[in-house]
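Below, chain A partners chain B and then partners chain C, in two separate complexes.
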Partner chain A sequence: MIPYESPRYFIPLIVAIIPLIIAHLKGKKWMGYQAVFTFAFLWLTFGGPNIRSGIALLCYGVWQVLIVKGYEYYRITLKKNTTHIFIISILLSLVPLFCVKLTPFIIHKPSLFGFLGISYLTFKSINVIMEIRDGALKEVKLLHFIYFMYFFPTISSGPIDRYRRFANDMDESFANKDYINMLGKGFTCIFIGLFYKFIVGYLIDIYALHPFAIEATKYPVIFNLLKVMYSYGLYLFFDFAGYSMFAVGVSYIMGYEIPKNFNLPFISKNIKDFWNRWHMSLSFWFRDFVYMRLVYFIVKKRVIKNRNVISNISYFGLFLLMGAWHGLTWYYLAYGAYHAVLMCVTDAWIRWKKKHKGLVPTGKAIDVINIVLTFHAVMFSFLIFSGIFDFIIKYPVTKILPSW
Partner chain B sequence: MNKKKLWKAIGPVICAMILVLVLLVSPLNYVKRYSKKELDTYAASQSLQVFLGTPIKSQAFANKKYLPIMGSSELSRFDSFHPSVIAKKYNRDYTPFLIGTAGTQSLTHYFYLNSIEKEMKNRKIVFIISPQWFIRKYDRKTKTITRDGIDKYAFYQFVSSEDICKWALSADPKLETTKVTAKRLLSFPSIDDSEFKRPILESLANGQKPGGLTKAIMDVQFQIYSGEDRFYSKFSKPIVGRKFKKKERVLPNIYNAQLLKEIAEEEGKRESRNNNFDINNTFYNLKIRPKFSKLKGAFRRTSYLTSAEYTDFQLLLNEFAKLNDDVMFVIPPVNTKWTKYTGLRKDMLQTFSKKITEQLRSQGFNNIVDYTDKGGVPYFLNDTIHIGKVGWITFDGDLQNFLNRNDKHTYKINNKKYLTKEWAIDTYGYGKKK
Partner chain C sequence: MKERVFDVIERVSGMDDFREDENMDLFEAGILDSMGAIMLIVDLEEEFGVSLPPSEMDREDWNTAAKIVDRIEEKVNE
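Entry: the complex of A and B
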């Protein structure tokens, strides 16, 4: 079973989580049960007939533990800090993800080492290595790290948690926590998720996206593509935001306040605002560990002086990498490049506005216009992301159907 | 502990769970009654919801007026001469109920019959066999069989979890057919929550009675599935897009087989002009033109003689015999002009016909309409393999014969021979002589 993929996933989930809720209400933190519970639900996804991916998941974990503990020994115990070792550690940590993403291009089959959620686990591991290097982490406890990696509510598609936050939750006792409040929040999240994913997302998929997509691939005219654009963009949001709500909700009930992934993204006033509201744990990860690092690196090396140019280059670095992470196809890269351009243009526009104060009117009406513009810019990016253009180019049905 | 706050947190969850139970499992979840008019439109729709929806199926087949025509993609060739259109235009005393679409095969039909056994007993049924079901695809690079008979994705599209539960709960562990079916199901890797089904299938595959607990869990699952089925059938309407009026227009008002054949030929000619194979224009443009040059000689090695489909087909025959149905089997041809171009061997097709005919006749299924040699009759086929205009007219004649006859049948099922791997891979002498 893929986590949260069908409403039935919640039947065993609710049953199995009851003992944990009771323990938590009594102020006890029952780590033993949490371990069994996590293992059982990992088994549901990666065990049984999917045991091949389960073994891959296990090997992957061992690999990451070796790298992280090795780098911890080097950086904290030996107190050394060379860039080479740091880069080698990062690259080693990336090796499995690279192999899995590249294998399909070479042998035209999915890799044997792949498993659901590998890229999300890689984010977590890189986060730990980076923070060890920064000195922000004084130690990485083995069990904490393993549980952080294998925490089942978020294993398949995030939200991407940070190690320090997670380890704190793990250590904190329930005595001074308002668990009832967390429980309520958790269930609220699950209800919202049910509404988003299994009602709104499902209806959009069945009655709009699916028929529209078939029509648009047959007759790719602008009107049909527009229908796909809106339905796909909205479906993407309701499906993924719904999923994220489940992950957050279950984590809360288990006593972990993992970060949320969406904050009303469609009321964003500009594209920067959008990325602070859409798939937040991913965009913040890229902001902290790609964008900031790139800016810092360029400034330190004094390659370029102009701050705006530095920022723009870093935007391209961030979004092209994010595109490539989604998959190594031209349309994911185009999606990244498109967003990078939008970010640069938005920055330039903000600078221009600051210089020419008073020229651009403000107010509620302007906000509405901004929201509408941003929404459409974003929706178009999802149309690129959907890969429909790739399909139309590869299978030009209109060309072979002159009589239709 | 703050009790009020606690109730606020978990109260809605408890309410929701009670509500789900009330809606799905309680008697409040009554079965929707379908009107005659609704069932009539569903009969020709081939919609997936109709194929899977137990309430629709069982209500339709409670009425003997509906004639089950089981098949696959040829049923979608909804032209003016399609059995559904002919039956409606000439006010026949039966209404064809189309069971199947592209992707359905022996095994899906086996489960289909199993899901509504009570209604399917003692009926006249038409069954169109596609030779193309009986394939085995072998990947020489990885040395694995990539497909043997039905495609596993197609299988799970057309056989619901409800059907599988129903079958598993009622299957007799002593029977050979149970073992074979369970093994076949286990060979399709899991979809959805087969975690719960696996233990029960494993015991059935070993000929053992499943344990009490696994059976109880599956029973609960089955209740939920069929509850969902009943519940959703009240809200969602199957898509029916059949335009009878438009199709009936070309038909003469009084039935005349000769005249119909002439019209069918004319229509066929008009609609198959852009190629030299008598293939329907649209089909040619969509499916053939993009890879036309690649298809030359492409099917030289194709064989419909060795495939797990033969075993699946035997399961189906077991079910027909069990339900005491009177079945007319139809074997469609392959377009001769097309086989010449693609290299598909004529003698292989003839051997297929012989092999499948033996499997049928030797077990008492004698109503066989074999069109294997009609691949060269102009416009018998709509395209490469699907019965079309002239073919449907010929079919109509054979169907009337079948419906007007009342043969006694006694089936002698021989699973020792036909429910085996040996039979599935028996090439029936093909390829040995040379």
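Entry: the complex of A and C
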């Protein structure tokens, strides 16, 4: 069963979480029960008929533990710090993801080592290796790391938590937490999630996206593509924000304040604002571990002097990688490149406005215009992301019509 | 020390509004962004001869001029 994919998933979930709520209300963490609970729900997704992916998940975990503990020993116990060992550790950590992403291109079958959520787990492991290197992590406790990786509420699609934050939650006693408040937030998130994913997302999918997409592939004219653009963009939001709400809600009830993924993205006033509100745990990860590192590297090595050029190059680095992470297809890369261009243009515009203060009017009306423009720029990016252009190119109207 | 840190912030951001309110949120006020933050840590590393890797600069610890001064003092005295 894919986590939160159908309302049925919630029946065992609610039953199994009740004892934990009672324990938490009494100030107890019940780590043993949490372990059994986690194992049972991992089994629901990766066990039984999916046991192949379960074994892949287990092997993946062992691999990452070996790399992280190995690097911890090298960096912290031996107090050594060479760049090549760091890079090798990062590459080794990425090997499983590369294999899984590239295998379908080579043997035209999904990889045996693949499992749901592999790319999200890779983010977590890379986060730990980078912070060990930086000296921000003084120790990686084995059980903390394993639970951080295998924490079932977020295993399939995030939100992408950070190790230091998660380990603090694991260590902190419930005496210091306002658990009643967390419980309330958790249930609120779950109810919003139900509304988003199983009502709004579902209705958009059935009554708009599905018929519109069929129409647009048959007759790819602008009006039909616009209908797909709006319905797909909104579906993407309600479906994924709904999922994220479930993941956050269940985590809160379990006593973990994992980061949220969405903060009203459609009221963004520009594209930078949008990336601070849309799939935040992913965009912050890329900001902190790709963009900022690239900038740091370029500035330190004095490769390029002009800071706007540095920033723009790093935007392309970030967004092309984000596109490739979604999948190695031309339209995901185009989606990344498109967002990189939007970021560069937005930065240039902000710089221009700073220089020419007073020339650009401000106020509520301007805000509304900015929000509408940003919304459309973003919606168009989702249309690229949807892959519909790929479909239209591969199956032009002349090929499709006779078969329909 | 404080003056030297403030000078670096001003040089990197091109703004000095933060001098009036040391507890102003530099990211919210638009004085720093991710790019500016990195330029700032690289300049601070050179100015004070300390090492400030990006993951040490959590936004919550680095969002005001006063906090940056505290952090640099800690680092210099390490």
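Just so it is clear, the second predicted complex is superposed on the first by the 397 of 404 C-alpha atoms of A that agree within 3 Å, B and C clash if a C-alpha of one lies under 4 Å from a C-alpha of the other, contacts with A are read in each partner's own complex, and residues count from 1 in each chain.
The rule is short, and it goes like this: a contact is a pair of C-beta atoms (placed from the backbone, for glycine too) under 8 Å apart; a residue touches a chain by one contact, two chains touch by 3 or more.
Note that this is a predicted model, so its numbers are computed, not measured.
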Checklist entry - With chain A superposed, do chain B and chain C clash or fit? => result fit
Item to check | Contacts of A:6 with chain B and chain C, given as first, second, both or neither | outcome: first
Item to check | Inter-chain angle, chain B to chain C through the CA centre of chain A, in degrees rounded to a multiple of 10 | outcome: 170
Next on the checklist: One more residue to check, A:131. First (chain B), second (chain C), both or neither?
Outcome noted: second
Next on the checklist: So in the superposed three-chain picture, is A:274 touching just chain B, just chain C, both, or none of them (first/second/both/neither)?
Outcome noted: neither
Next on the checklist: Looking at A:184, would you say it contacts chain B, chain C, both, or neither? Reply first, second, both or neither.
Outcome noted: first
Checklist entry - Should A:235 be classified as contacting the first partner (chain B), the second (chain C), both, or neither? => result neither
Next on the checklist: A:48 in the overlay: touching chain B, chain C, both, or neither? Say first, second, both or neither.
Outcome noted: first
Next on the checklist: A:25 in the overlay: touching chain B, chain C, both, or neither? Say first, second, both or neither.
Outcome noted: first
Checklist entry - If you take every C-alpha pair with one atom in chain B and one in chain C, what is the shortest distance in Å after superposing? => result 30
Item to check | Residues of chain A contacting chain B in one complex and chain C in the other | outcome: none
Checklist entry - Which of the residues in chain A end up touching chain B in this complex? => result 1, 6, 8, 14, 21, 25, 44, 48-50, 180-181, 183-184, 187, 191, 395, 397, 400-401, 403-404
Checklist entry - Once bound in the complex, which stretches of chain C touch chain A? => result 33-35, 37-39, 41-42, 51, 53-56
Checklist entry - Of all residues in chain A, which touch chain C in the complex? => result 130-131, 133-136, 272, 287-288, 291-293, 295-296, 299-300, 307, 310-311, 314
Checklist entry - Of all residues in chain B, which touch chain A in the complex? => result 1-2, 5-6, 8-10, 12-13, 16-17, 189-190, 192-195, 198, 224, 281-282, 285-286, 289-290
